[in-house]
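Let me give you the structure first, and then I'll get to my questions.
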Amino acid sequence: MRLLIVNPNTSADMTATILATAKVAAGPGVQVDACNPLRGPASVEGQFDEVVSAYCTLETVLPIADQYDGIVLACYGHHPVIGALREALDQPVLGIMEASILHALPLGDRFSIVTSSPRWCPLLEEGVRALGVEQRCASVRSSGLAVLDIAALSEDEVVARLCAEARAAVEQDGAEVICLGCGGMAGLEQAVSEAAGVPVIDGVRAATILVRGLVEAGGRTSKRNRYRRIEPQPAPGLPASIARSYGGDRF
Amino acid sequence: MRLLIVNPNTSADMTATILATAKVAAGPGVQVDACNPLRGPASVEGQFDEVVSAYCTLETVLPIADQYDGIVLACYGHHPVIGALREALDQPVLGIMEASILHALPLGDRFSIVTSSPRWCPLLEEGVRALGVEQRCASVRSSGLAVLDIAALSEDEVVARLCAEARAAVEQDGAEVICLGCGGMAGLEQAVSEAAGVPVIDGVRAATILVRGLVEAGGRTSKRNRYRRIEPQPAPGLPASIARSYGGDRF
Amino acid sequence: MRLLIVNPNTSADMTATILATAKVAAGPGVQVDACNPLRGPASVEGQFDEVVSAYCTLETVLPIADQYDGIVLACYGHHPVIGALREALDQPVLGIMEASILHALPLGDRFSIVTSSPRWCPLLEEGVRALGVEQRCASVRSSGLAVLDIAALSEDEVVARLCAEARAAVEQDGAEVICLGCGGMAGLEQAVSEAAGVPVIDGVRAATILVRGLVEAGGRTSKRNRYRRIEPQPAPGLPASIARSYGGDRF
Amino acid sequence: MRLLIVNPNTSADMTATILATAKVAAGPGVQVDACNPLRGPASVEGQFDEVVSAYCTLETVLPIADQYDGIVLACYGHHPVIGALREALDQPVLGIMEASILHALPLGDRFSIVTSSPRWCPLLEEGVRALGVEQRCASVRSSGLAVLDIAALSEDEVVARLCAEARAAVEQDGAEVICLGCGGMAGLEQAVSEAAGVPVIDGVRAATILVRGLVEAGGRTSKRNRYRRIEPQPAPGLPASIARSYGGDRF
Amino acid sequence: MRLLIVNPNTSADMTATILATAKVAAGPGVQVDACNPLRGPASVEGQFDEVVSAYCTLETVLPIADQYDGIVLACYGHHPVIGALREALDQPVLGIMEASILHALPLGDRFSIVTSSPRWCPLLEEGVRALGVEQRCASVRSSGLAVLDIAALSEDEVVARLCAEARAAVEQDGAEVICLGCGGMAGLEQAVSEAAGVPVIDGVRAATILVRGLVEAGGRTSKRNRYRRIEPQPAPGLPASIARSYGGDRF
Amino acid sequence: MRLLIVNPNTSADMTATILATAKVAAGPGVQVDACNPLRGPASVEGQFDEVVSAYCTLETVLPIADQYDGIVLACYGHHPVIGALREALDQPVLGIMEASILHALPLGDRFSIVTSSPRWCPLLEEGVRALGVEQRCASVRSSGLAVLDIAALSEDEVVARLCAEARAAVEQDGAEVICLGCGGMAGLEQAVSEAAGVPVIDGVRAATILVRGLVEAGGRTSKRNRYRRIEPQPAPGLPASIARSYGGDRF
C-alpha cells in the first residue's frame, strides 16, 4: 500500500515533521510519501490562504496522485482542496481534522479541538458543522499560538499553552476527548493527555491509520452527488497538471 | 457608487448577460462594471471548479477591487472566493445565492432553489446549511440543465423545465418563494412566477440591489474572527496580484 | 415609491424619530410616511403588549395601507402584526428585527442583538428561532434600559450602556456584527461601532433600505401557505377598518 | 377546582361542544366553565384572525380570570393570546395544541397532527418548532376541511376524511400517535384510532386533564423572563378590561 | 384505577419514600403500589447500573404488571427499562424525568434539571436530546450529591445545595422552571422554589398525576414502530418471568 | 494485539460467521476471538431484547474482557451494553453501527442504512441521533427481512432484497454510501455496491479495522463524564461476573 501525505502549505520543515509522524503511524509494509506545493503561503491561516493553497496543491498533487492508494490532507480544517481532490480522484482522501474527530467519537461523548491561532476558531466551528457533528463538539479553543510559532517556541512553552487550554476544555466545556487542532502538534499527545486527564488525538496519526484502514476495506470515494466526476469542459490558460482533469486537449 | 460584478468562470458571454441584468437592477447613479478571469473553467460545476476558479478570480479581481464600493460574486453557490475576498477587502461582498435567499426570506416562510444540473444539489444544500438557514429551505431541485445549456437551449425549453420544477417545489415541497439557482437564469423570473404562482427571485438582481443598499447604509465587512485580515507571511511563487495581499516584498 | 413606517406603540415622539431616520435612509425620490395607533401601550414590552398593539395597529394601518408600495413595522421583535399584515396585504412588509439581521448576515459570520430591557431577551431569542437563523446568532443581550429610558436618559448614558454590552457581545460571545435591538436606538450606530470594533446595524435604516429594494425588485408577499389571503367569514362587532378584511357586509 | 375553557372565536356552538368535552374530561369535583369573545372572527383561520381574536379574547377573559384555578385556550395552534394570558395571570394556561402533544409524547416516538384546512399546516409547523418538539413530529397534515365544515358536514364524511389522513400519517410519515388538530374534532378519537391503528389524542380532553393535574401539583406560571408580569405604563384608549392590566388609572 | 410505581434500584427505603409521594399525588380513588427489584445495585449511577437494574426490574415487574392500569418508572433519566416495558405492555409507562419535563414545559420557556451526582449530567443531557426537547432545556446541573447522600445528609444540607444550584440555573442559565433530577428529592419543591423564585417540579409527583391522566384519557402505548410488540423467538436460559414475553414454552 | 468480537445474541452460528469476517478484516498478527451469551434471545429485535441481551452479555464478557486490547459489539444499533462496557473497561469498545458510519462519512456526503426488519428503523434513527450524525444520514430503510431470515433465505433472495432497498436509498433519498444494517450481512458488500453504484460498508469489517487502529493509536475510553468508572456500591443478588464490577465483597 502507498499513502501520500499532502501538506498544503510551503513549509518543507512541517512536511518533514508530518511525514515522520505518518510513517510511524502507518507501520511496516506501508509506503508513505509526503509532498507540499512549491508556491503559496507558508502557513494556512484563513480562507484566502485556503483558496490560494488549494490551487497550488492541485498543481503538485494531481500529477502524482495515481501512484497512491490513499491520500491524507494534512491541514487541520475543512480545507476546500479536500472536496476538489475527492472529485478528481477515486481513492480515499482524508483530512486530518475529520480524521481526528472520527477517532475521538468512540472514546467519549464530546470532544474539544485545541487549535493554534484564534482566527481558526470560527473556521473550525464551521468545519465541525460541515461535518455534521456539532452536537458532539464541546468547544473549539485557541491556544493563542500561530502555526509557525509551534515550530519557533520551545516545546515546553507550546506544551504548557496547549495543556492549559485542554484542561479548560475538560473542566469548563465538558470535553471528554481532546483533538489537537494543528498538523504541527503531532507528538504532544501524551503530555497533553496527562495534563488534561482525557485521551488526546493527533490528526496526522489518526488520518494515516484511518486511510490505511479504508484502503484495506476497499473503500472508494462515492461518485454520486457530492463528489461526482469533474465535468469535462473548456478551461483555458491552466497548467497541464490541472487542465488534464478537464479533459485536457479535447477542448 | 461603483459596483463590481464578478463572474468567476471564463464565459465572457455570461459576464455580459449578468452585467446587463445588474445595470438595470442598480438603477441610475450607480456605475456597474463586470469582469471574469481569463483562465479557468468555462463553467463552475463542482468543488474542483470552485477551487480553480477561485484562484483565477483572485488574480483578476484583487488588482481592481479598490476602485469599487461593493462587490457581487455572480456564481450561485457557497463559492470559496467569497470568503477569500471578504478577508482581503473591506467593502461588502455578496454572493448571488446568499442574496437571493435574503430577498426570499421576507416574502414567504419557506423557499426552494431551482438550479441547473443535479450535481449542484448537494453543494447548494451544504451552502444553505453554511448560511444557517436550512429551516427556511423547502428544497433544492435540479432542472436537469447544465449551466451552459441555459444559453444553448431555446428560452422556451429552458423556461418549461424551470417552470415544471418550480411548480413541483411549490406543490410537493411547500415552497412559498422560488430562488433561481443559476446566474444565467436572470430575466426568467416573471415566466416562472406565473407558472408557479409564487414570487421568484433572481440572484443577480437581488445581489445588486442588496449590495447597493449595504453600501448606502455604510456597511463594511467585519474584521473580527471569520473575516480577519490576511496574515502577512512568506508566500513564494505567487503572481504579484495575489502576493500583494501577503505583504508582497516584505518577505 | 411610497413607503409607510408603522410604529405599533402610541408614542408619537418615537414615531417622529423613526420617520426622520427612515427618510434619510430612503433617499431622494421615495415618499416616506409614518403612523402609530391612537390606542394601546406607549411601549411594547412583552407579549401582552404585542397582542394589544397588534390589534390597535390594524385599526390604524388597514385603512391607509393601499396607498403604499411597502411597509416597515418598526418594533424590534417578532411582532404578531407582521404576519397579520402579510396576510392582509400584497406589498412587502418588513419588521426591523428581521431587516437588521438580513443586513448583518453578509457582513460577518455571527451577530448579536443588544436590546433594551431584559424582558425582551427571551422574546428576541424566540424571534431569532422563528426566523430560522439561530445558528448565526452569537447572543441576545440586554442593556438594562427600558424602551422609554432611551428617550429619557442623556444620550451619553444610553451610548455608554450600549457600548459596554456590544463590547461584551464581541469579546465574550464572538459577535462579529451588532444589531441594535430597539427602534429608538437609530443614530447610535457609529458610536457603538467605534466602541465595539465591528459593524453595527440599525433596524429602521436597514428595513427602509431593504423594503425599498424589494419594491424595486418587484417583490410581493407570497400568497401560498403561510401568508394566504384572509378567509372571508362572519366577524361580528369589529370596527369597519378590520371588518373590511373579512369581507365586510357580505356576512 | 374551577377551570375556564376559552374558545377564542365567536362561534357559541363550538364553545358549547368544547365545554361538554371538557366537563367529561375534568370528572367530578371540578367546576368547568367556558366562554368566547362576543366580537371577532367566527373561526380562527390564520395569523390575522389570531391577532384580532386575541384582543377580543382578552376583553372577555381578563375580567373573569381571577375566579379560575386554571385556563385552557381551546384553539389548536400557537395562538398569541396564550403568551399574553401567561403574562397577565399566575395560574396555569394551557393551549390545546401544546396539551395534545404533551399527551402524545409518552405514548410513541413520533406524532402527527391531522388538522382542518391546509392553511393551518405552516402555522402548526411553526407552532411545533416554537414548542421545541419538531424532532418528535412526523408530519402535519390537512384533512382539507375548513373548521366550520366540521360542524356542517355529516360526521361520517368528516370522520372518513380524517381517517384517510391519519392512515397516511402512520403509513407514509411514520406517525405512532395522531393528534387531532382542531378543537372541533373532539369525540372522534375512537373512530380515527380504529382506522389508523394508533392512539389518537383530542386536545380539549388532554388540556383539561393536564391543567387539572398542574393545578393539583401546585403549578404556577413562571414569572421569570418569558412570562414576566406586564409592565405598568400609559396605554390610552383601551377598554377597562384591558387597561386594568396596565395599572389602569395610575397613568 | 391501579398504578404501579417502580423503583429500579434495590433500596427499599427509597421505594417507601417514593410510594408515599405518589399516593399523595394520586389522590383518593386511585390505588398506588410500589415495588423494586430484589437484586441489583442499590442506586443507579450510570449506564452499567442501568443495564443491570433494567434486567432485574423486568424480573420483578413483568409478573405483576397486568394488575395495573399505568406504570411509573421512578428513576430520573432515560432508563432503558422504560422502552423495554413499553414494548412488553400496553398500558402507559412514564419515566419521572420525562414527566417532570412535561409538567415544566407549559409553565415557562426553559427548564433546568438540578440532579444529584455530576456523573448524571451527560446522561441527562442525552436523555433530554432523546426526548427531543433540548431547545427548551437551559441546563443540567449537578448539586454534587450522590443519590444515597440525599437520604444520609441532613435535609437542611441537601436543601441548601439544591437551592444554590437552582438559583445558579435561574440567574446564569436563564431557567424559568426547575426540575428536581432525582427520585429522592420529592418534598423539597417548596423550599427550592422559594429560594430560586421559579416553579419547581418533582418527577414522582408529576409522573403519578400524568399517568393517572393518561389512563383517564384512555391512553395506550402505540404499537407502531418504536414500541412494537416483542417478537416471539427462542430465548434460552431465562427466568420464567422474562421468558414468558418471548412466547415461553413455544420455543 | 487481541480483539474480542461480542455477539450479544445466543445464535452461535451468527457468532461464527461474524468471527470469520472479523478475522479476515483484522489481518495477520492480530488474534481475534468471538463470544456470545449462553442465555437470552436468539436475535436482538427491539429494546426489550436489548435490555435482556445486555445483561446476559455482561455475564459472558466481563470475566474475559481483561485479556483483550479492544472489543467490538457486533449488534447493529445503539445497544445499551456498549455504554455499560465503556464504563466497566478501559480499552476501546466499538459498536458495528457506529463503526460503519465512521467508515462511511469520509467516502460521501450522506449515507443510508439498509437494515433487516422494519422494527429496527425507529431504533436506528434514534441511534443515528444519539451519535449526533443525523445531518449526514439520508435514510434508514428496511429490507423487510428478519435477522434470522438472512441466514434462512437463499443468498440470492437476500441480496436481491438488499439491492432493491440500496438502489432506492441512492435514487430516492440521495444516499452516496450504503451501510449494511445487520451483523449478518457481512460478505454482501460487493453485490450491493454493484447494484447501487455506491460504496457499501459492512459494520463488522469496519469495526474490526477501526478498533485495531484505535488500539494502535493508543486510544483508551475517556473516563470523564459519560463513561466514568462504575461507582462501587452494594449490589445484592448478582452473579460474581457482574458483582465484581461493583467492588464485589467489599459491600
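Chains: A, B, C, D, E and F, in written order; residue numbering restarts at 1 for each.
Everything that follows uses one rule, which is that a contact is a pair of C-beta atoms (placed from the backbone, for glycine too) under 8 Å apart; a residue touches a chain by one contact, two chains touch by 3 or more.
From a predicted model like this one, the values you see are computed outputs, not experimental measurements.
Chains that touch both chain C and chain D: B, E.
Superposition on CA atoms relates chain D and chain F by a rotation of 120 degrees, given as a multiple of 5.
At the interface between chain B and chain C, over half of the residue numbers appear on both sides, which makes the contact a same-residue one.
Of the two chain pairs examined here, A-F and A-E, the one linked by more C-beta pairs in contact is A-F. Chain D has its Cα centroid 53 Å from the Cα centroid of chain A. Between chain B and chain D, the centres computed from C-alpha atoms are 44 Å apart.
Averaged C-alpha coordinates give centres for chain A and chain B that are 28 Å from one another. Each of the following residues of chain F touches two or more other chains: 109-110, 121-122, 126, 129, 135, 174, 176, 225-227. Of all the residues in chain D, the ones that touch chain B in their complex are 121-122, 126, 129. Of all residues in chain E, only 10, 38-43, 45-52, 54-56, 58, 80-81, 83-84, 86-88, 118-119, 121-123, 126, 129-130, 146, 148, 225-228, 230-231, 233-238, 242, 245-246 touch chain F in the complex they form.
Taken together, the chain D residues at the contact with chain E in this complex read 25, 27, 92-94, 98-99, 102-103, 105-110, 131-136, 170, 174-177, 189, 197-199, 201, 205-206, 209-210, 212-214, 216-227. Interface residues of chain D, counted against chain F in their complex, comprise 109-110, 135, 174, 176.
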